[in-house]
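One chain, subunit A, links the two complexes that follow: it is found with subunit B in the first and with subunit C in the second.
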Partner chain A sequence: MARPVHPQAMTPSRAGRTRTAAPQAASGWYTQPRMLKYLLFDATGIVYLLVGFIALRVVWALGSGPEAWQELMRQLANPLYVAFHAVALVSVVFVAVRFFSLFPKAQPAHIGPVKPPPAPLIMAGLYAAWLGVTAVVTLILAGGLF
Partner chain B sequence: MKHLLLKLEPLIWLLFGQGILIGTMLLTGWILVVGLGVPLGVVSADALSFERAHALAAHPLGRLFLLALLALPLWKGAHHVRSLSIDYGGLSRDAAVATGLYAIAAVGSLLAIVAVVRL
Partner chain C sequence: MSEQKKTFVITRFDPDRDPAPRQQSYEVPVQPDWKVLDALNYIKDEIDPSLSHRWSCRMAVCGSCGMMVNGKPSLTCKDAVSDYGNRIEVAPLSNFPIVRDLIVELESFMEKLKSVKPWIVKAKERALEEGAHRQSPEQLEEFKQFSYCINCMLCYSACPVVANEPDFLGPAAIALGHRYNMDSRDEGQSERNEIFRGEGTVFSCSYANECSEVCPKHVDPAAAVNQAKFNAVIDWVTGFVTTRGGK
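== the complex of A and B ==
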């Protein structure tokens, strides 16, 4: 089985005769709109980590009994939690829209003899799945189903 | 540690990718109701009464849903924060940062398993 290649595997053992300046990022690179969107996409990782741990706390409280559950519900009504969840909702929508637009570009040219569907079809499928899952989850949690 | 991270990369990417895809799909409805709807009074608090919430969560499908909802976003978060760290801090401290972040996601995932089992 092939072993992973070390990241510096292709670095020459000795510096070449032609001296070159070390690569440097252009100053202010992070303010360019294209980079800003890319960095915002990465920054949603902080929100996902926090949302994941808050959800863990919610489920933990549910397993701890009615008193712990009531206390947690009371805490979730705190404006700080509500404001964070509003930011989280914006982040989740941003991630979905950006990821769905990138998804068709990340498809292989073909898997065996099968070619992937056209990009608009892939995106339509992803949006339909997202809206469908969101509608079902919302209805179940809000008491509209079951 | 760099070699171990490279070996684990397929697994990390699998969890990261599912964190974006499945995590995002599940989180939207969860945030709408648990994070905003009930706290703001838009959704009746009875919908998330202890009895109803526990009955939904303790169902095998409920447990599976919650496990995915709790664990997958942590891997998306850990990998993207690592990426952010590389963008701003370069690769020199990447091994330490990545190890710390994936450890947080792994511990969170283990706690998620415990949380859904003890329901």
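== the complex of A and C ==
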């Protein structure tokens, strides 16, 4: 059967003379693969929130001296943390791929006289920038740049 | 042609009798070339004349026969019965109050369409002797796609924001406003962009892209909404360096 949605969804500003039934969502709509993908996309926000907390902990430990830092590194080696970071990596890749695929058509028709490049070029640029930033960050973390 | 029996599970609602919508099943002998609308018309003509549903052109132009078929928003005159199994669920469009059976309340949709000023706004009417306002094919191309909307409201049924935010202007209305904003003959961009910067408009869109996925005319309302976001911001920024109404 159908699921309820917001009871005021698409309700006119002035009630009509006929009694209407509350708006509903057809059964099965939220289990359609496309919809599930979108819900998963939104749910990755929870992962980023947790990553944010871990990042704050990292900064805190950095300012609290070598012992605190070593202790944090020991904790982060825990398989649960490693598994969480694997989930975070998958989330980032999933969101980036979805975002990159939708980004070109969100571009305005033109900015002044300048028209945006074709969609494949925009996507290629996004992927190139992503790979470039990842390479630079990896180099920095590996001590290859500084 | 050989006919086959299929079960249609239809949402029924009589405002005078039913406390809430219910489902009713009908066995329909369908022909291979039938659309879902043909089956609904068969039910009304041959089995149960009390069934109420909207339809008109039967060629995916009028936008009247939008319904949920097996949980997906679809134009029933375009959707082939042969694409479904033996059990087909037909329900009124999601996210709309139900007036009767498969008929939904349109008033809110009409209010939202009207609110984006879907007409060409001119500071000064062009005199007849000035001739037609010419438009190049390139200028036409900038908004042509967004003018194909048939107001079938499938996008409103697909949109998760419409389901949760009653004040959201919605995909078709924003796409329509954007269509006029992109029209080289129009001078109402600032007025519409001010509307678009308000509560429950373009920035409420979470870019689920569902509106574009279900659009039967490939209008791509999600593109219009997200382009409108950009234009609304640019208009706001340029408002600081140019006088209002200055072009």
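By our rule, the second predicted complex is superposed on the first by the 127 of 146 C-alpha atoms of A that agree within 3 Å, B and C clash if a C-alpha of one lies under 4 Å from a C-alpha of the other, contacts with A are read in each partner's own complex, and residues count from 1 in each chain.
We take it that a contact is a pair of C-beta atoms (placed from the backbone, for glycine too) under 8 Å apart; a residue touches a chain by one contact, two chains touch by 3 or more.
Not measured: the values here are computed from a predicted model.
Student: Specify the partner with more touching residues on subunit A, choosing between subunit B and subunit C.
Tutor: For subunit A, the partner with the higher number of touched residues is B.
Student: In the overlaid three-chain picture, which partner chain does A:16 touch, first (subunit B) or second (subunit C), both, or neither?
Tutor: second
Student: Counting only touches as set out at the top, which of subunit B and subunit C does A:127 meet: first, second, both, neither?
Tutor: neither
Student: Of the two partner chains, subunit B (first) and subunit C (second), which one does A:146 touch, if any: first, second, both, or neither?
Tutor: The answer is first: A:146 touches subunit B but not subunit C.
Student: Would you check which partner chain A:42 touches, where first means subunit B only, second means subunit C only, and both and neither mean what they say?
Tutor: In the superposed model, A:42 contacts both subunit B and subunit C.
Student: Mind working out whether A:136 is in touch with subunit B, subunit C, both or neither, as first, second, both or neither?
Tutor: Touch partner of A:136: subunit B, not subunit C.
Student: Output check: A:88 vs subunit B and subunit C. Expected answer is one of first, second, both, neither. What do you get?
Tutor: first
Student: Output the subunit A positions appearing in both contact lists, the one against subunit B and the one against subunit C.
Tutor: On subunit A, the overlap between the subunit B and subunit C contacts is residues 5-6, 42.
Student: Inside the complex, what are the residues of subunit A that reach subunit B?
Tutor: 4-7, 30, 39, 41-56, 58-60, 62-63, 65-66, 69-70, 73, 76-77, 81-82, 84-86, 88-89, 92-93, 95-96, 99, 129-130, 133-138, 140-143, 146
Student: With touch defined as at the start, can you tell me which subunit B residues reach subunit A in the complex?
Tutor: It comes out as residues 2-3, 6-7, 9, 19-21, 23-40, 43-48, 50, 52-54, 56-57, 65-66, 69-71, 73-74, 76-81, 83-84, 87, 91, 104-105, 108, 111-112, 115-116, 118-119.
Student: Touching residues of subunit A toward subunit C in the complex: what are they?
Tutor: 1-2, 5-6, 8-14, 16, 18-29, 31-32, 34-35, 38, 42, 102, 105-111
Student: Going by the contact rule at the top, pick out the subunit C residues touching subunit A in the complex.
Tutor: Within the complex, subunit C touches subunit A at residues 11, 13, 15, 18, 20-21, 23, 68, 70-72, 89, 91, 94-100, 104-105, 107-109, 111, 142, 156, 160, 162-166, 182, 206-210, 213, 220, 222-223, 226-227, 229-231, 234.
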